[in-house]
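Paired with chain B in one complex and with chain C in the other, chain A is shared by the two complexes that follow.
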Partner chain A sequence: MTLFLQTVLNGLVLGGIYSLAAVGFSLVFGVLGIVNLTHGIFVVAGAYGALLFFGQIGIDPLVAIIPIGLVLFAVGYVYQRTIIQWAVSRASLVASLVVTFGVAMMARNGLQLVFGPDVHTITPAYSFMSLTLGPLRMDVVRLVALGASLVLLVVLALVLARTHFGRAIRATAQQPLAAELSGLNVRNLHGLTFGLGAAMAGASGAIIGIVQPFTAASEVAWTLNAFIVVVLGGIGSPAGALVGGLLLGMINAFTAQYIGPSLTQAAMFLVLVLMLLVRPSGLLGNAFGESR
Partner chain B sequence: MRRRTFLQGTTAAMIVGAVPKLAFGQDNTITFGGSVPMTGAAAETGQNVLQGYQCAVNFINEEMGGVEIGGQNYQLALNLFDDASDPARATTLIQRQVDEGINFFLGSFGSNIVLPTCAITEAAGRIMVQAGGGSDLIFTQGRKRVFGIFPRASRQFVSSVNMFTGLDPVVKTVSIIYTNDAFSKFQAEGARANLEEAGIEVLDYIGLPAEVSDVSNVLTSVRENTPDVLVCTTHDQTSILIARQMVSSDTNVPMLYQTLGPQTSAFRDALGNYANGIVTQAYWSERAPFSGDYFGSAADFAEYFRANFDRELTYHMASGAVCIVAYIEAARRAGSLDVDAVRDALSAIDFECFYGHVRFTEDGDGDASLLGPLLIQRQEGEMEVIAPLDGASAEPIYPAPTWEERA
Partner chain C sequence: MNRTLALVLGAIIVIAAALLPLWIGPFYTRVAQLFFFSAGMAIAWNILGGFSGYWSFGHTVFIGMGAFSAAHIVHRLGPLGDGPLSMIVPILLAGLICGLFAAILAYPILRLRGIYFAIAMLGVSQVVGELVNNVSWFQGGIGVFLQTPVPSGTTPEDFFYYIFGGLLLLCFLISIAVRNSRFGYALLSIREDEDTAMMLGVATERYKIMAFVLSATLVGIMGSVYGYSVGYFTTYTVFRLDFSLNLIVFCLIGGIGTLFGPIIGTAVMLFITQVLLSRFLDIHLLITGAMVVAIILLMPGGIIGALRSRKRQANQVEPVEAEARA
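Up next, the complex of A and B:
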């Protein structure tokens, strides 16, 4: 029983990180319809940003989330309003797939040029602490990461549900033409949504940087994870990302514990294929799909 | 007339382009081809190996004034490209260089890259000397022109088991975590066979995928069984992840032994004082008592490297450099740059240099009795050789202090 509970705990903590890392991808996919293959770059850029803040100025990565989020918000906004918008307006949404793939490749090599090929880690004071709850054991850094992930997901959910900005994003996602006729600047909102997605990805990167080692090449895995989370949980909402992330974490933990760690990725992709066959819109469906 | 001149010129240019470049020995320059992971997942160690190659070329060209083979003096040159840690890209690069007429290849880093690329060079009748692939598959498929500085993976654990049996208290149980790839899996299989042969019980034998983001569940199993030694045949990034999660989840074992990772500065930076007590392998130490014609002693190599390169010195640099030294020594002995003559000379080579005593087995991998790993333990921040006893610079610390005591 202890082993089962420990596995559940491990899965929840891992899932929380997956959720946060995927929510920006989910939002951009849901609102703009773009499969953003640059997503992992924003995650890794967040981790490198946290490394710089921590290494150069001594700012804790959890505090550094704010400036990192702001910077990546700006980067994401400009990136969408220029490169992606040009590609989409001159060709089609499919063009964005190729463009984001190309930008991701260039950015990955750019990051490697700046930060070098070496593996990096961020080590704040609580990195090596652990908590014991009866027979269960968990490292503090992962619990902190889970807590920060949940807080950020709730904040994003509140922003989308309760603010004018959030309502505008939802309106744009549901009926772009109607939103435009109502006086909303849809192009600008697309840029802002993309910026928000990049900011969330950067925030998750800052948290991931304290949990595990990373290099520029890690971005591929985080884009892939985000894609799986969105397929599992559903498109466009923090709740979908949370459900998908937690499910992915559980699949990972239970496969590792009871079948074999070497089969975790096989299990993840098996569930991905099954989900695409059985419920392609994910467990919670497309948050904006019904109105389209 | 003009048209005829144009056609003649074009035809001549096409013929020149179609003839393979005589890269080896052309203009008194010996060119080594190959690819190295300068970017991508294996870039950290790939850069180390690359600087090893560059170090040997610089030394031989600048300090020795080149090398004399068959009465003629040659300079060395490298024709290495970034394979981005991608086997598919590496095979394309190697095939192109084979087509261009390169005869002598240096290896990439990682068995997953060396394996397909050495298959290309072997099929083309070219030679590869490499210090980046230890998988048994490289050496057990009948290749005659592929040489590895390291012993094959399954033979890399003999000295480790010897150390385990000599420790006090004696090691009775071991758990093994390995990455499910062409190198780590063979190394783990070799470790398990050697351990069981020595009467040491293997409690857990756990495979990990190449990309791992969490090992909490694996460590839960380790805590349930608590082996005397936890052996990890994993690569750098996974080793860091395992060690960090062991500390943060307070998973203590008397000895943590990771074959790859603890050698790097990234590992030291990530673990700080917790890196003390962790055991690893190294195939070369600057404190080793070896010397020879190139560079002089091991300490001389270290001094030359530090004076000319900026990366922190690890054994990968020495392993890379000795690939070129072995090539040159073989060509000198053959007195020729003929591919077959150099291959035969490499096959028979048996000499001492700054790296150690270099000799290959019939299958082309490094002779395990001469080129097997040293065991290193970080003690008070210094990498100390703890086995074999002949070259040991310190006694092993075993059982290691708990993580809490190392803080």
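Up next, the complex of A and C:
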């Protein structure tokens, strides 16, 4: 029983991180209809950013989230307004998928050239502490990571639900033409949404950096994780990302505990394929409704 | 193009290719062998991805399955025949196994479209790869041997040069036959508008499955020969994400859905990465990525598409809508 509860706890913590790492991907997919294969790069870039801030100036990764988020927001905005916008208008929406894939290859290679192919970890002072609750144990970093993920997800959900900016994003996602006719600058909003997605990915990267080791090559895994989370949970909403992320975390933890740690990838993809066949729009469906 | 002219040109190219190993050294024979192998698979991918528009991101599953099938057949049944002829049965059986696997997989997975199909195939390749790696019966983790019965008097690189060359020719001829048949037109109609095609009475389900099985069988055969050519392999030698992605990149650069596109794209890409940049291994990804981005932005139809539209521009005014959209 203890083992079971411990596994649930591990799954929840892992799931929280998956959710945050995927929510930007989900938002971009839902609003722009673009499958952004560069997403994992933003996550890994966030982790490297946190590494730089921590190693060079000694800033805690959780504080570094703010500058990292701002930088990646700008990068994401410019990237969408230039390369992705060009690809969509000159070729097609599917072509944009391939473009993001090409950019991801370049960026991964670039990161490898700058930081080397070694595995990095960030170890703040609290990284070796752990809490015990009866027979259950949990590292403090993991709890901090889960807490930070939940806070950021709630903030994003509130922004989307309550602010004018959030309403504008949702309107753009539902009916781009109608949104434009109502006086919204759709192109600009697309850029801003993409920037927001990149910033969330960067923030998750900073948190992932303190919990897990990372390399430039782990971007592939983070992109795929984001896709699986979206397929499991649903497109476009923080709630969908949370549901999908927690589910993925559970699948991962339970497979590692009860079947074998080397089969987690296989289990995740098996669930992905089954889910695609049964309900491709995810458990919570597309947040932006029937219009697309 | 004139039919006789095409035949004569084709014959000249085949004969030139057959004589080529006499002139070039072993390194370039290996590069050419890699080109034949990659181009053959790109053509096989193109039958599904190019003609019917179902982009598979996981075709490496058939390379791996073909290679491991051949190895296990040889390992468990013993050599079937003497010398190079002993390769025939394992290779054909490997192709058959891949075809069967595809046929079973086809019905559920081909109901998915676009990006969902692409990612589901990626998932399939990951799941199968992990299973082969971790289920000890398959021996994917420790690796399997597949001895090559190279006939005496030839070197392995020459031997596989001719085998892969023959397979490329086979794939190319099949691709031409498919493209010019009722089957090929059905696939094109699926790519253009699947629902309309179905409504007009095209048996889309059946044709999609046929294309999927054909593509899988060809890649499985190539994969089993690849297994022979490397001699010893583990899961990660043959179940490789970059195999899957390279096939797409090759087709994309040459021109997806065209007959010559996959061959031209493979030639260009391999020339750049293997010959021009053979000393700069650490920036291969950067170059490949940059090529992909440049191709999409500058000539979305690939090299063939760019050539065609230039030909068309000679007797046509630039359409105004294209300007307005950009």
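One rule holds for everything that comes next: the second predicted complex is superposed on the first by the 290 of 292 C-alpha atoms of A that agree within 3 Å, B and C clash if a C-alpha of one lies under 4 Å from a C-alpha of the other, contacts with A are read in each partner's own complex, and residues count from 1 in each chain.
Simple rule for what comes next: contacts are C-beta pairs under 8 Å (C-beta built on N, C-alpha and C of every residue); 3 or more make two chains touch, one makes a residue touch a chain.
Note that the coordinates shown come from a computational prediction; the quantities given were computed from them, not determined experimentally.
In the superposed pair of complexes, A:112 makes contact with chain B and with chain C alike. Touch criterion not met for A:226: it reaches neither chain B nor chain C. Residue contacts after overlaying the shared chain place A:129 against chain B, while chain C stays out of touching range. In the superposition on chain A, contact is made by A:262 with both chain B and chain C. Of the two partner chains placed by superposition, A:248 touches none, neither chain B nor chain C.
In the superposition on chain A, A:120 contacts chain B only, with no contact to chain C.
Within the superposed three-chain model, A:186 lies out of touch with both chain B and chain C [touch as defined at top]. Contact with chain C, but none with chain B, is seen for A:102 once the two complexes are overlaid on the shared chain. Residue contacts after overlaying the shared chain place A:139 against chain B, while chain C stays out of touching range. Annotation: chain A residues 108-109, 112, 260, 262-263, 265 touch chain B in one complex and chain C in the other. Across the interface of their complex, chain A is touched by residues 55, 108-109, 111-112, 114-116, 119-120, 122-124, 126-127, 130-131, 133-134, 241, 245, 248, 252, 282-286, 288-293, 296-297, 300, 325-326 of chain C. Chain contact summary for the complex, chain A toward chain C: residues 35, 83, 86-87, 89-92, 94-95, 97-99, 101-110, 112-113, 220, 224, 227, 231, 260, 262-263, 265-266, 269-270, 272-273, 276-277, 280.
Interface of chain B with chain A (complex): residues 38-41, 43-44, 46-47, 85, 180, 206-209, 211-218, 220-221, 223-224, 236-237, 240-241, 244-245, 247-250, 264-267, 269-270, 272, 274, 403, 407.
Partner chain B is touched in their complex by these residues of chain A: 3, 6-7, 10, 13-14, 17, 108-109, 112, 117-121, 123, 127-130, 132, 137-142, 212-213, 215-217, 221, 225, 252-253, 256-257, 260-265.
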